[in-house]
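Which chain is which? They are A, B, C and D, in the order written, and residues in each are numbered from 1.
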């Protein structure tokens, strides 16, 4: 573990050089915000307390159906994935959680894995089941579905796997199971739509029944891919209806890339909050479909609008804090760099949303002064909160410039020596 | 009314010429279907029993925000609209219902209007309220919303109007109120999403309370337009959640053009059936947005897939028959011709869905024989059911060739004389 | 004209109060930029030199096919539209141009109109023809098309109208004609696609031939609306091919809302620059279709990326400056406020693009250091350039806070007295 | 080869049983068409003469980034792929061509491969280059692009590979090279858009220069995937402009799934025909993105509208026959069955388009009788041409029921014995 200690020393060095400029910028921003009666340190403190999870598969290089271009030094197993997550967390200090995926991350001994997490300062967020791939040696196949398969034997297999995931998670301290199924159809006529959903609900009820009392069952919908005509849990309406039928512990998870073009995602977030069914997020960005690009890279204003709903609900006292995770496919960047950059962009949206003068906004909304409402909301987004984000990292012991510090550290080069190149299961599938 | 009598005589003449060819084609198709153990007359009988409504505003020429190109002889008031509807019904015999829109169709005396309908052989389907336009002289405005407006006075006005619509409908024999609101926002920040929906639900609860025991309240969602950033009732998920909260008599209405690009509409239909909340349809076709084109003109296979769900549910005994209406904007055609052609295309999809060998389809679905399932479903769609549709019209007393008979009748020319050109309220807004 | 003199005095007062805060913010930003070797005053000067046009129809309240909600005090003729444009220009100082639309803005005497413009400090940008509406009394109709109509008589009428627009423009000092046609089809089969384009090209060649030597012919494409199945000039590919065939003076105009969902608009801009055919812009924003929302209100990053291409090409010395115009439909705001706010957001994107360190960006692009390229580009967008925009306005004699100054001035209230309410032709059609 | 002889014998047997019903149906349809003055045998002959290519990779099971579910008996090399193609051709008789992909299909000796093709009755259509994957052992990588890469060494490698593909093709009798590149960007800022296209054009000019005199260079555009922000050759506009710059032998290839949602693809086909740049097709169907579903399975009317343009241009004598290929990913079906079914659906669209009464259609279009134009076009689509397609197959020596005959033959079971399970390179990437 001493590369982490070494990293911290390097970060401290690096920070020393950067601190004076940061302090100037922070002070100037503070003065600016003070003119609007905003205490910059209050915002910084809130930013410091925001935490999100890294998906274990996200630290490997992702790919598409066309190709995957691996880089040297990628993690080859769950232990090495945790190591990479720990590096990220040391540098950005907002990612103390890891979200595992089974069977990809199946450990011989989960207590040992939990100890490794503890020693690295990492906790375990929601666990994820996988019934969209056939593990080697499995006789039955998920080719035509899993929890909604027409064959009860396949459904039972998928149910058992999900329950096993819960058991793994219990040993790790997880409190939620995220269920995304690829079940669907490539052709009109292939699948009986109502029967498929009935079977899904039956299967999920059995998984729900196996859930510990303090766990949440997160239902993740997706419009399409890998099913290209119809998907069993295709939209938030279906997800919401199922979560309602399953019970109190079932909630909906929103992946920002899982919607039809032009969908108003922030409104879906608002609706799920209103109906007490928002359970979690998979953050990423997209232009076309489930592109799984880095958060905030394509439409940063949309990300801000999502956080505007979260902050608004929180300030109204009605937000049950959802599970936050980055779910991205890093096909052409170093995943560690992308995850650090993305976590910062997520916090940027959060900080910008915190700056919005909500009483003023609500007053303009109530009086239908559209122009002033727009200007009030926009002001938050247009503020350069970079100094707040950097100061939050610094105050928590992280790096003022995470990518710079990471590159300086030579971590990837070292891993290249220690980890001979190897394909990792599930990299880039998100 | 004697133009209707004259029309019937003309139709009879016209039919005499066309009947021999129709009989040949019907016989050949019957022989073909018999080879697949399908009794053509059973299908024809089912087609004969399918009925849909014409929207009163649909018989006027529609327009866009850019222009409206009126034609001579358009109806100028509700009486004249009913006359046109009666012509359509005489020719196609599947449209014995009219759906009125208030205040556009407000009558001095609704009993007289009901008598006119009776005399024309027309009944009254769902009534529609209008809170997206300010009627002349109204002091309060719907500019910033109606049932979800931030001002209680505007909401009360909108509620009262809806309740008035119910009262009108009761005098006409209607059994449903369709509520579509244009409420929404053109800018992020303009509207508080949760508050707006809360207000909508409050308002709707009051309307619901005024509903007669045997009435249905139909909630119509729409993704966008005229609100171009967010719409209060934007998708089926919101519509469904609201219908659930409102109660048993509230159901969801599906307009085929009110969804995001690439949305699987037949799946929404399947879901609403499954959750016992499908209440009605607004039929039209679209390529881009709410284009309100003629039913079946852009994607006839999609229309077939919608009917496939309806017929499947019906054959399973779980379909509460929804209200069917054509909701189209006839910008460049004679509305009477478009409505006749469209009603035929809707029946075509229905007839094709009836032809599907459901036991075989289900068996292939259950065994995941994808190719045979696809072939089984497709066979229905690929059958040319034109002779069935024509024979159904003929047997009900309608025209074998409605457009030909209509053109031959000279009805539009006669109306041009009788109805000096005049703009009609609400034409083309759908 | 003394309301303008009064306005200037009010602005001066208003500015006095706001100047100290602006100077502090400007200084702080300047210090920040200086750390990156950027001279803030150089950026401010460039911003000061950027000019765009107001469309005459934009100062009236817009509407949709569903409704139009007028406000009091709207301009009722071209003279009053120019007055409103002059108010905007006094306050924001980046809109010294007006773009007229005929026949809506047809003047009895264009020399008088030109003098009015001169006296108000307004010049005349591209003129726009209108062949999507039938002017009162016109015997032939554009219902089925104009420049591409199957009937030569209709085409000749449309050609003559366009040539007349050129003549009007010559008297006003315009140097470009923008041609957008609504020609297209609502049904597959309605129109012969190749023949329609052939006829369009024939018609346009005749208009091109009538173009003065120093004029540009701007071709505006649009995917759909009011034609809902196919549009003759639907995409940039068709526009580009036609511009090529027509000749050197023909160029393509990009309206940000005229593309299919998910289209990469900045790439179209880059392509047209590369092929020497970019001629102009219609700025607005959109979420669904041609929503004509205020520029920068929905996806400000997209607007920045467009300006990134423009600034990059300009810095490479290959940008023939396009005609810039705001083309928005102000349905629920005071159009003067929306246009001021929008012009500022356009300048914001321009200023942010100017801040990008291009040599560094190019170096990262060349070496495929994706993360650093992204960070370099993003830095421009994340800078709050508000103080630069305000200072540019101030230095040019405009208002530090245009909306505040405008509201304070009571201009709309005064116009409400002077201009009894009246519908204006073409308001909101963009 | 005797499985082919055995297959032909089985087909003959199978056909004997089915022929009587086919003859009845054909006769009935013929009588129907005769009433519209159409000679069924003329249509059947035209259908018999339509040929399309099978992509070599299409006979393997495809997959997504999530999973691939292989079936037993898949071909493991180019020889076995040809065997499968030969089976398809024996059964459907419209697929006498194979399109190879290098390096996947690289043969030790291309003369031997050509002889195998000859012996199987298969010719070789366009060859395809692959610069979107790194072949094992290649030092330079296509990770950041190929023909447009910023590094000249990578570009040279990609150019050399394309020229090598031409050489392979020459030995096989191919007459075209299809170039699809995956080059693009996942992030705004990653790539310099103009420079990337300049480099692409430079590279393509070198490949063009290596083209034999009678060859065509087919440029294939695609909106996105695997690049998820911007793609160098993203749309038909770019493809067309590049084809123009490259020269006479460069033409555009249209893949039906490579466009933005709501794009009017048949209009793109019409435009490319009009500008003499239509070079070829990749047939498939899609609902969301490049779904690569079976042709005609999602939107059969769209496929018909594409063929309507082709037939119209052909009847006008201006169609340079394009290269037709099916480009589908068979993820859940037996690829042989899907390809047979798809080739039939393509022929269906062609036959339906042949039935359209073009003089009548043109007359209605010219006189703007929209309703009759629509009815005239639609009549072709609504005709059940199944008997024509089956008769065409039968008359050419193929199977009346290809899927039935194939299943009956036991071919896949036999291959399962002969071909132990193995992953094949490139399966399902289209």
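Definition applied: a residue touches a chain if its C-beta (ideal position, glycine included) is under 8 Å from a C-beta of that chain, and two chains touch if they have at least 3 such contacts.
Model, not experiment: these values are computed from the prediction.
Under the contact definition stated at the top, the chains bordering both chain C and chain D are A, B.
With centres defined by CA atoms alone, the chain at the far end from chain D is C. Distance between chain A and chain C, defined via averaged C-alpha coordinates, is recorded as 39 Å. Chain centres here are Cα means. That of chain A falls 43 Å from that of chain B. Under the contact definition stated at the top, the residues of chain D that touch 2 or more other chains are 143-144, 186-188, 190, 223-224, 229, 261-262, 264, 287-288, 294, 297-298, 301, 332, 370, 374.
For chain C in complex with chain B, the touching residues are 63-67, 69, 132-134, 141-144, 182, 186-188, 190, 223-226, 228-229, 261, 286-289, 291-294, 297-298, 331-332, 428-429.
Considering their complex, residues 21, 24-25, 28, 31-32, 35, 261-262, 264, 287-288, 294, 297-302, 332-334, 337-338, 341, 348, 370-372, 374-375, 381-384, 386, 403 of chain D touch chain B. The touching residues of chain B, when paired with chain A in their complex, are 143-144, 150, 186-195, 197-198, 223-224, 229-230, 234-238, 240-241, 259-264, 266-268, 270-271, 273-275, 301, 305, 308-309, 312-313, 361-362, 365-368, 370, 373-374, 376-378.
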